[in-house]
Amino acid sequence: MDDRNFETIQTPDFDRRRRRLFGETVYGEGKGAGALKTCIETMLEREGEVLVTRLDEEKFNDLGKLRERLDYDATSRTAVVKKKAPSLGTVAVVTAGTSDIPVAEECARTLEYFHVNFKRIYDIGVAGIHRLFSKLDDLREADVIVVCAGMDGALASVVAGLVENPVIGVPTSIGYGAAFQGVAPLLGMLNSCAEGVTVVNIDNGYGAAYAAAQIVATLYGKSK
Amino acid sequence: MDDRNFETIQTPDFDRRRRRLFGETVYGEGKGAGALKTCIETMLEREGEVLVTRLDEEKFNDLGKLRERLDYDATSRTAVVKKKAPSLGTVAVVTAGTSDIPVAEECARTLEYFHVNFKRIYDIGVAGIHRLFSKLDDLREADVIVVCAGMDGALASVVAGLVENPVIGVPTSIGYGAAFQGVAPLLGMLNSCAEGVTVVNIDNGYGAAYAAAQIVATLYGKSK
Amino acid sequence: MDDRNFETIQTPDFDRRRRRLFGETVYGEGKGAGALKTCIETMLEREGEVLVTRLDEEKFNDLGKLRERLDYDATSRTAVVKKKAPSLGTVAVVTAGTSDIPVAEECARTLEYFHVNFKRIYDIGVAGIHRLFSKLDDLREADVIVVCAGMDGALASVVAGLVENPVIGVPTSIGYGAAFQGVAPLLGMLNSCAEGVTVVNIDNGYGAAYAAAQIVATLYGKSK
Amino acid sequence: MDDRNFETIQTPDFDRRRRRLFGETVYGEGKGAGALKTCIETMLEREGEVLVTRLDEEKFNDLGKLRERLDYDATSRTAVVKKKAPSLGTVAVVTAGTSDIPVAEECARTLEYFHVNFKRIYDIGVAGIHRLFSKLDDLREADVIVVCAGMDGALASVVAGLVENPVIGVPTSIGYGAAFQGVAPLLGMLNSCAEGVTVVNIDNGYGAAYAAAQIVATLYGKSK
Amino acid sequence: MDDRNFETIQTPDFDRRRRRLFGETVYGEGKGAGALKTCIETMLEREGEVLVTRLDEEKFNDLGKLRERLDYDATSRTAVVKKKAPSLGTVAVVTAGTSDIPVAEECARTLEYFHVNFKRIYDIGVAGIHRLFSKLDDLREADVIVVCAGMDGALASVVAGLVENPVIGVPTSIGYGAAFQGVAPLLGMLNSCAEGVTVVNIDNGYGAAYAAAQIVATLYGKSK
Amino acid sequence: MDDRNFETIQTPDFDRRRRRLFGETVYGEGKGAGALKTCIETMLEREGEVLVTRLDEEKFNDLGKLRERLDYDATSRTAVVKKKAPSLGTVAVVTAGTSDIPVAEECARTLEYFHVNFKRIYDIGVAGIHRLFSKLDDLREADVIVVCAGMDGALASVVAGLVENPVIGVPTSIGYGAAFQGVAPLLGMLNSCAEGVTVVNIDNGYGAAYAAAQIVATLYGKSK
Amino acid sequence: MDDRNFETIQTPDFDRRRRRLFGETVYGEGKGAGALKTCIETMLEREGEVLVTRLDEEKFNDLGKLRERLDYDATSRTAVVKKKAPSLGTVAVVTAGTSDIPVAEECARTLEYFHVNFKRIYDIGVAGIHRLFSKLDDLREADVIVVCAGMDGALASVVAGLVENPVIGVPTSIGYGAAFQGVAPLLGMLNSCAEGVTVVNIDNGYGAAYAAAQIVATLYGKSK
Amino acid sequence: MDDRNFETIQTPDFDRRRRRLFGETVYGEGKGAGALKTCIETMLEREGEVLVTRLDEEKFNDLGKLRERLDYDATSRTAVVKKKAPSLGTVAVVTAGTSDIPVAEECARTLEYFHVNFKRIYDIGVAGIHRLFSKLDDLREADVIVVCAGMDGALASVVAGLVENPVIGVPTSIGYGAAFQGVAPLLGMLNSCAEGVTVVNIDNGYGAAYAAAQIVATLYGKSK
């Protein structure tokens, strides 16, 4: 065997935009610098835009010259090249605490890349529930609400019990031992006593943004 | 203490319709006949309609005369009294196998109660994937797709990878031992390789209907 | 060996009252009718009072004549013979839903047996959070608050975030599949984002009453 | 977007002291140096005091000049600025082994910050149970007992079986493989055969202190 | 195929006594009446003795005439035909509560069948630890101690910390929800802070007896 | 809605034989008598043969006249109508104990239905390992070996370490508490120290037969 | 004791080739450089060939001169010295994504070492299912198919539902939080709704290759 | 508070030798260099001997001059100062593979410290079962057998099925993903199909040695 760089073997799904409205994106975790460069460059060539998620600062720094073309954000660990287009709708991106912000920012950056408007409503967890009530109008005006919360994940239930809008819960891996890296808020949200909460994987801000963007696209005529 | 029938103590949330668009419903599991009757009668009096879920045939039969007023369905274990109103939108309610149908029917009956149109697309699991492809147009025309699947729950991923619409996964408790009463499809759906799938609790057809109805209501002007 | 009725072999802890303020009680689960009768009669003879927990109606009916001496309650599955004594303090016994009431009643009956006052505040879960706010004064006036909740267990967090008093959470085995018979609310309460919540075992209304009574006894001079 | 330092966005709960007797504190884990500084300085400005928990030595050293104002302790990983005030009551802070001490010290430092007296009773686990009996008077004189134990967590049961006082168990993440980072003592304490033990999250010395302080405050007239 | 009674196909291990000192026994669970009869009769014919474990009363009653030859005990769910032989050594069979007695009795009956002496020390759990201290001499005089305990399983640790003898722990499936059918005491015993405790499967009184008998046989010259 | 017998809605995969060599079969669990009858009759009409698995005796008796056409076996809970055809290859179906036989028989009956020869080698578990060695030639002569074992599942490892043939492990739900309904042998087989063991779901004799039949079909020219 | 290098004590199974067709191999994880060298040199001396798996680049670099004799590949973490021999059959090695490639390459390199032909079919996961259909002929022509997939593991089900060949699933430890390091795809594959999928341990490309090679050897006359 | 070196607060159990035959030992994990030195020096002063377990090489190197007095072994991570005394009995310390040796060596070193003879029988796992049979006489001659095994842990069952002696299983944290750091062999050994196996915690070579030494002490008159 001559060349063993098998990680660069890829079958990008360039048909995805046609089928699913939003195009292929790049998941940074577990990819080497070479594989990442190939991925990003192929996307830029074919699609003229790219979203890279789970891209640690260290890995970003390994991308060399390519860095200059990318809008990188360390909190959300995302890099973006985005086409110009009008943004639609409004998604409220909510967190219970400040430690949930990196997950919320992955969500926010993905929404931005998908040309969906969003507003940040951070650190309004139920330990001080007056903070939530002071934001209730903002929450009710959104088309969709994404709630990022660790520990007991109770914020998703409480928010959902107060609004008409679809609520998507993102359990985060924040909490002491018996949170089990996000299992506690995952179970909490799946068992939300306020009906209608749907849930994505632990720390999956990207997936929540995707689902929220699909609802917004449905709402505004899929005109993207 | 004279009367210890504490199970009939209740604080129904009659404000829910104002806050959340859809009114309070009745969860049948764990309630005795007396508590159920009180619940249902209060709802009928105050709201003129009622949806009871998780109502086993045996329990339904304990309701006496009240049975005559209720439209009961044994498959979905639901009883309904519904006001007349035009129905909106379309939700595709999908199952992988025939054993998932009771969960799907709980979803369908709830949608019906919420005045949301739906179509049944049953028994199209990925073991015979041509069945799914033959229904692709039906799936794509829906506003929202609810996928009920046990075992590996793979149908949610495959459907989501082929459509633009929001997909809500309902893991069911169907499967051999290592399905662990729905844990396998729950994890499968939370880890769907097609992005955008959101998930509700195991066997929770009601919750999926609620979330789907919220999206439909958003889409059609919350005019309900 | 002649007589193999080993289940009647017992070493009741008649020293417990001296050491622990409250005396030995009888746990009904897993005991046969013979063993139960011996237990109850010994307690009545030695202590003049008895509390039996986890006593199903069927088992109670097997107790024959002894039934006449016992104050039995089917909801809480408890039987009581209680000495007269003034009651002290106030414990608020709270539930999220109506299905949590049997657990709350086990707590209430145990408090009553320990001569501690209590008030029931039932069915005020966060799905309709206004119900909780309307009871806030009652909650704040109590010496201790016991919160019984299944599903996401979020009520414990929300209550604790609003009050000064000690809050004891009792997760209940109520909920759809991924509640895993009380695991979801157990983890939720252990990870409460409002500090200070302490937790007892799933469905353990008795244990919560014991802990609450200890605090009340501390507060009122252990004068019992 | 110009400034992406979203982690410094915060909504501190300055109303907490009014509502909950004890004010907002700072959780150090998962916060960067910038966020921490902002947090601590805001607290000092507004409240004149601060408690930071889960603050590793390395992170403390990143705080620059601010370090001079803080009383830092590496064992408990806490930093404190505390107002003068008389201390009330007595909490016995107990450990089974020496490895449980960091958790116990987080508890002790929090009690100190809340102006609650405490005494350390360390390394008296049931493997050498005479050590526990020699401290029984100390235990019985306390208003509340906090037991920190890993492995089998059996100390909580044994202590609770010998005293009248409220006992709060803190399972620690100490032990060989099948302790599963604190799951074994967590389950042990939740299943304590001596009634009345309440439990907080794994390694959550802070939470135990909070609950104990609430009881003490109740006891001494909430005069803090 | 003519005869499908495949459950009666068996390959009893009649060589076991030669290899392992104690002969083959019969596990009653999951065997039909026919299979059981064949088993028991073959054993009686070949070995002149038999021990049947996990034999519910109902199943015993299905054995017809064979019942007359068997010494049946409902508490331990065992049936025995035993050869005469002198008994050796002493095993202390201990329980924490009365609900653990059926497991302890399975252990006791198995020891009896293996011609090992035993004494019952029941209901001495750590909730009332003075009961244990009053039996300490009995415990210390035994060759081996078997401790059967559910809930927190703490008794195994406490006993082992006080004696020189080998201690075998048998976790039982007794306890409220978070005991998870014996998982809590299993983990507690595996993590015993007193060294030297070895553990068998949940409710496995038979296995503990086997291990204890092997130690006794080793001690008394394997003369059985 | 007039007719709510939704469970009879089915989309049988009649294309399966073409695609997968073996045709559609009927899974009996969770289907009512009506649904079962429709299923079986459709299969008989279209394919002239049928295999029903997980068919309890009670359910079989509900099938009325249809029973006369079916070859039913209670141990394996299967009903069969089979076309005549020569059988190919040899699969050794092995069990560790007698309690594993129902699972093994589900496997055997499925192989028979697929026209694959098999031999039963039952009750040769490693507790008496000489029984296994006496069958080694039989094992080595088979084309594939299916090992059904509960408890520790060790038989799969030991067999695989002695032979050249493919070994498929079927963990069974047999065992005391910590077997957790088949989890222990499932993990044991997945971690087999003899390489090459592949594993199917707990108690899934049918799935093991399917996989074995695929290998045999590959071997004998897929001539079925 | 003089020399404590106990890790070099080994009992290699040189009889394995005779018994099992394929010889002993070397598992690199958890072995020090000294132990590894001894192992590899013994194998080369006795067998003239060697396969080392789980050999990190760092560890390979510790092997000094021995490196020159080994064909090392960093992606699969394997080192090989291979005898010349004709290769037989064809195994399709498939991955769902690019992150699964290291596991697939461990499989491929093992097949190569066992003189079995293979073809790589990478990155054809069900999120873009057209990629799978375009490879269907390649899949159908193989003797065995090995599917490596993380996240939901759904690819194994979908592939198996379309082909006649034996399908072996390898769950990989790829995915967000609730994939639990491979548990989600493991359960997914064990519960595959397409029958006949057998499964090996998480990330166990080597084990899948072993099982596939056994089937190929069976097919081509075990002529190796 | 002046001095916060709380880790040096200790209550060593110097009464242990009297009560339990073997004295207090030092567990190295989680202790800082200062605490370790204090511990070791106190033991040497009071008892004239010491056993330190779980002492990584790095930590050992932090002990400064004290190192010269200690007999350190990196494989078992133990340091010993041992009094002269005759050794008694024989324990066979067995491993399935070479990766289990560190755990076995912790056992061996502990036995040596307790003046119990032992023989090493390493790398005889059931994948090549002839290796085990060639050591059967050695195994049968031992007073106790300790089996250390990871992966499926099957060696414990197989050994126990062949001998009369007490067998203690030590599951090790060796294995691919689904071994879950020792859970698979732990469950395997708890479910051993050969009766009489008792089990200690994962990787707990020290605990197994303690239990084995207790049996040997019993056997040889507790004359130590």
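Letters A, B, C, D, E, F, G and H mark the chains in the order given here, with residues in each chain numbered from 1 onward.
We adopt the following convention: a contact is a pair of C-beta atoms (placed from the backbone, for glycine too) under 8 Å apart; a residue touches a chain by one contact, two chains touch by 3 or more.
On a predicted model such as this, the values are computed, not experimentally measured, just so you know.
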item	value
Count of contact steps on the shortest path from chain A to chain E	2
Third chains touching both chain E and chain B	C, F
Copies chain B and chain C - rotation angle from C-alpha fit, nearest 5 degrees	90
Inter-chain centre distance, chain D versus chain E - centres from mean C-alpha coordinates, in Å	43
Intercentroid distance (Cα basis), chain G paired with chain D, Å	49
Whole-Å separation of chain centres (CA-atom averages), chain B against chain F	34
Numbers and ranges of chain G residues touching at least 2 other chains	127-128, 161-162, 175-176, 178-179, 183, 186, 190-191, 194-195, 201, 207
Chains that touch, pairwise	A-B, A-C, A-D, A-G, B-C, B-F, B-G, C-D, C-E, D-E, D-H, E-F, E-H, F-G, F-H, G-H
Chain E - residues contacting chain F, complex	4-7, 9-11, 13, 15-16, 27, 29-31, 35, 171, 173, 181-183, 186, 201-204, 207
Contact set on chain E toward chain C in their complex	73-75, 98-99, 101-102, 104-105, 120, 122-124, 127-128, 130-131, 174-179
For the chain F and chain H complex, residues of the former touching the latter	96-97, 125-129, 150-154, 157-158, 160-162, 175-176, 178-180, 183-185, 187-195
Complex contacts: residues of chain G adjacent to chain F	19-21, 143-144, 161-166, 168, 186, 190-191, 194-201, 206-208, 210-211, 213-215, 217-219, 222
